[in-house]
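Structure first, then comments.
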């Protein structure tokens, strides 16, 4: 931590800051500059008790030197995390595809979608049992029935299941049938839920919040890791930028190389939610692969025209098959496979 | 809902859209313009089944005419909501002050803070029993002890208590001693939690998420209202804008007049979290009152230099007293009181 | 400047950085921390040759300690700048009002507007001779005629004139009849134009760009000051935030206290462009005054229903008179006048 | 244009709006809905006189149906624009590379950079003669000398020259030696300058402003096109989003597929300015190509450690050669070449 004293600070204020730094167990190095006096506080920074120094009289700013996360960092663990999802490998040279509809509508729809995405080449099935979004005036939540449908999809197709959890009281239920538990963008900083899934022994797919910074996003993963669950998959799904006339969100691919440099965790991209537009899915999916994404999550519906949710961003199984063909070529161009 | 057909759409596509609109129970009015054909779908719009039309072949856009919220709207309920918090009135001509520390640190700290804010003129006490934010490496959560401290604060000072709930399993606990249950910014779109507090018979203070639009913010309130709890207080606390060099967030006062025009709910402002800087609290608090805020939430700590959390944005009780003096004058200038 | 070495940097890299710092005329203080080595570079920071150090091998980050601006800073000049506009004082305890239409449409419209804003209590007249915005398919620019109209407005009403300059070749023309030359938000970082108006001997009203940070905004003023023109008025007019459903931009009042702390320049606010909605002008104008603004710029049209530009955000002269009445009361509450 | 009447509007207000629409030369179709009355105004929308209707009494909103641009639109001109830059083709199946340093520092540096980028496979040379950015305390502008250097670079290497113009009075000078005239991000909405380059007979590379929406960006191109210059190259260079801790801007690749759908103009991407970090350039460049970009602009310096500007985002010629190798493979994967 670097502490910058305000212009015109008194010697007394400076000494008080130094005393506080030492009392917190750090060493204080004072540098008297031409226009500012600066103090370097030396010691382990990870628990940040030094932050309180910023509030002291005569202090202009306290600038942390280290990033706030540790377990998630590439410094802490150099080899990249590879996750085994019941035989499907995530995070290695092979790029993984998750596909499926925005919501389970019926057994027929779910099975048709699952067979389609399986045939196209996806290995995981996106299957959400609720949809609370957009309006409180939703339908009934026939949860148990939907879980049964998902179990049948899994049994018949062999697809691994990715399902979102919304709250503490459904985490156990979802973990009982899902292979990967998803945390949605709106819960990215729901720290209670993050800790709860940190105590699971299931991989967690963590979606980035619409306005979490990259650092906060990695910190959200740190909450899960710090509870002992090391199988965290990061997933970019679009940020809230200044332009929502042409895309629903702004899919932010910068997070791919940044997270690959700073962390050891796999990074996925969801171009369907990220753009909200069906015709933008393919180019942005190709771009994500070219930028180094470890996987994609794509919304697929057998009949997007009739989808109850998110039809405007869903593609057909046949379109997924064609897209995967394109993605295989792009993956090969960077020495990866799908 | 206005449906805009794409340029070059076929007559067959147009007829399919019309048929779908009618099948959903709406009447379709076709306007054939010079460059586009447009369909007005007439009927009750509140459940929005029409959204699916946007995905149909030949459709360029579907533009809703009505706002998505109803119970929260000023159209639905013309008189402004006034909430009684055990004798303290929120939402009337009198402006209400909530003040207190970022976290309960000890009985001594809590009581000193409470006596200070009481003496300064605040009527509600901000008292959070957890702090999950910023780092997973927090302290121990001695919850029961903190609740006891809060009960003593309430008994001794008569201040009403505002406490944040983080998850389903603490809602009941918090409702057992708090007068107002707070939903934090990071949970603003945690729809499960919103519904849960919608089933309480306690006022709810709902903080705006850092990137929720004003419309989504009001929709979040709609979730609470739709479960039967009509005592919702909106609270602006800073959005994530493009500049975080000088303020931690950008306190967005525009939401005050917008929410007063569109809803009947009281609107509060938290200039402490909204700016993150102690020296910005007073001018932004004055501005909030002048813009029409019904109340303020201000972080006050007896010794900000020693605060464990958020000290940089906390003011002292004596500074709160001085600020309230200023605010009384501004309130009087717009014919309100504090 | 603080230079943070990357983890695992070599001693050779460290020595190279130290040598470079010394060669640039600075002293280097090395602090070897537990997880990072940090170098404090001591010397005058204002010309920032040290920035190049950030690119050197083994360097993780270079963190400036000082703000990049100097002439605009409150450190450099402690007393606040007061500008005399031909008898009208800007930047003192009295708050100044600029009002007028979005565009000069005709002599009749201009005079009617001017008489109205004069009667309401404004002292400066906003009078733009072009409007290039929004569409390239604008009308003809009968510039000379409009200048004549403005001269007549000035002669008849005594209002001082504020006119926007768009480019180098009209700066002289505009300076010949305007009392204050305005730089629009879209030119806030047009450095050539900033330098040009820096060589004028006329006050400059500088509007903040929609996405300039506060620091960049003050730096834009620094360009003008550095050419010798010390009469710069800052003007906030709305930033591009994530929500443009309810307001056209997000009027960012945080800049008022921030600029008052960091600079000595007067700060104005334009709630008309900042919100884009007529019914938001009054509450946001009151808020701006309460937050400490030194002046306001308000769009006024004698017949907003018939305005060729920006009618949706224009108020009538009678509404301005009523608003100024409100603002006088708010100003009095903070010991200022209008 | 769709006009939505406010709830509770009077019949008189409705008739006044209809009369105004007709007076402006449009036909008015009234749809009386359950909760709102809506009017469709039918006629050519391109000059938007209808916007004034929004300000009328009783009107809630006026919603345009058509996009505001015409000449730039893919509707207006279906075949994609291909630009010939003295033998180098831009906008066809071949992807074009512009590379060069942030600023011309010396003849030696410029020639070394130019030979390097030429050898690596770039066809255009980025060569700016000024650098006004960041601080007003820049060096001297030895413009004529720099132009001579650029002429020699062009003569020796055969690279075509891309140079930024900053203002009206240097447009002619720059057009005299540059093959492509660049408009920088900060001038993206400098409408006077846009019109000026619209009168040139040289291709224009138009950089997107940091906070211009995609629609405003295309509208900026429309200004150039409307003056008769049809050779406009769009260039994304990073937007100002909420996170600038890890990247200087957020490179927004969404604009690639959006602009390819909505316009016929070539779209380039500048990953160097867009991210501000050298190690992010390669992955984001690959992503841009995979998303469909027609070209890239990359900052290359023979010795980034010693660069006077933008060294942190510059790569070496040898790194460019390696990157182009990667890009060739990605381009081949989508059936394009470099």
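Labels for the chains are A, B, C and D, by order of writing; each one numbers its residues from 1.
Going forward, contacts are C-beta pairs under 8 Å (C-beta built on N, C-alpha and C of every residue); 3 or more make two chains touch, one makes a residue touch a chain.
Keep in mind that what you see is a predicted model, and the values were worked out from it rather than measured.
Farthest chain from chain C, judged by C-alpha centroids: A. In a homomeric contact, the two copies may use the same or different surfaces; for chain B and chain D, over half of the interface residue numbers are shared, pointing to the same surface. Spacing of chain A relative to chain B, judged by their CA centroids, is 25 angstrom.
Chain D has its Cα centroid 38 Å from the Cα centroid of chain B.
Chain A and chain D have Cα centroids lying 31 Å from one another. Listed for chain D are residues 211, 240-242, each touching two or more other chains. Contact residues of chain D toward chain C in the complex are 46-48, 52, 54-57, 68, 132-137, 166-169, 186-187, 189-195, 209-211, 219, 222-223, 226-227, 240, 242, 278, 304-308, 311-312, 314.
Residues 2, 4, 7, 29, 31-36, 38, 40, 42-45, 63, 65-66, 75, 211, 240-242, 244 of chain A are the ones that touch chain C when the two sit in their complex.
The residues of chain B lying in touch with chain C in their complex are 211, 213-215, 239-243, 245-247, 250-254, 256-258, 260-262, 275, 279-280, 283-284, 286-292, 326, 329-330, 332-334.
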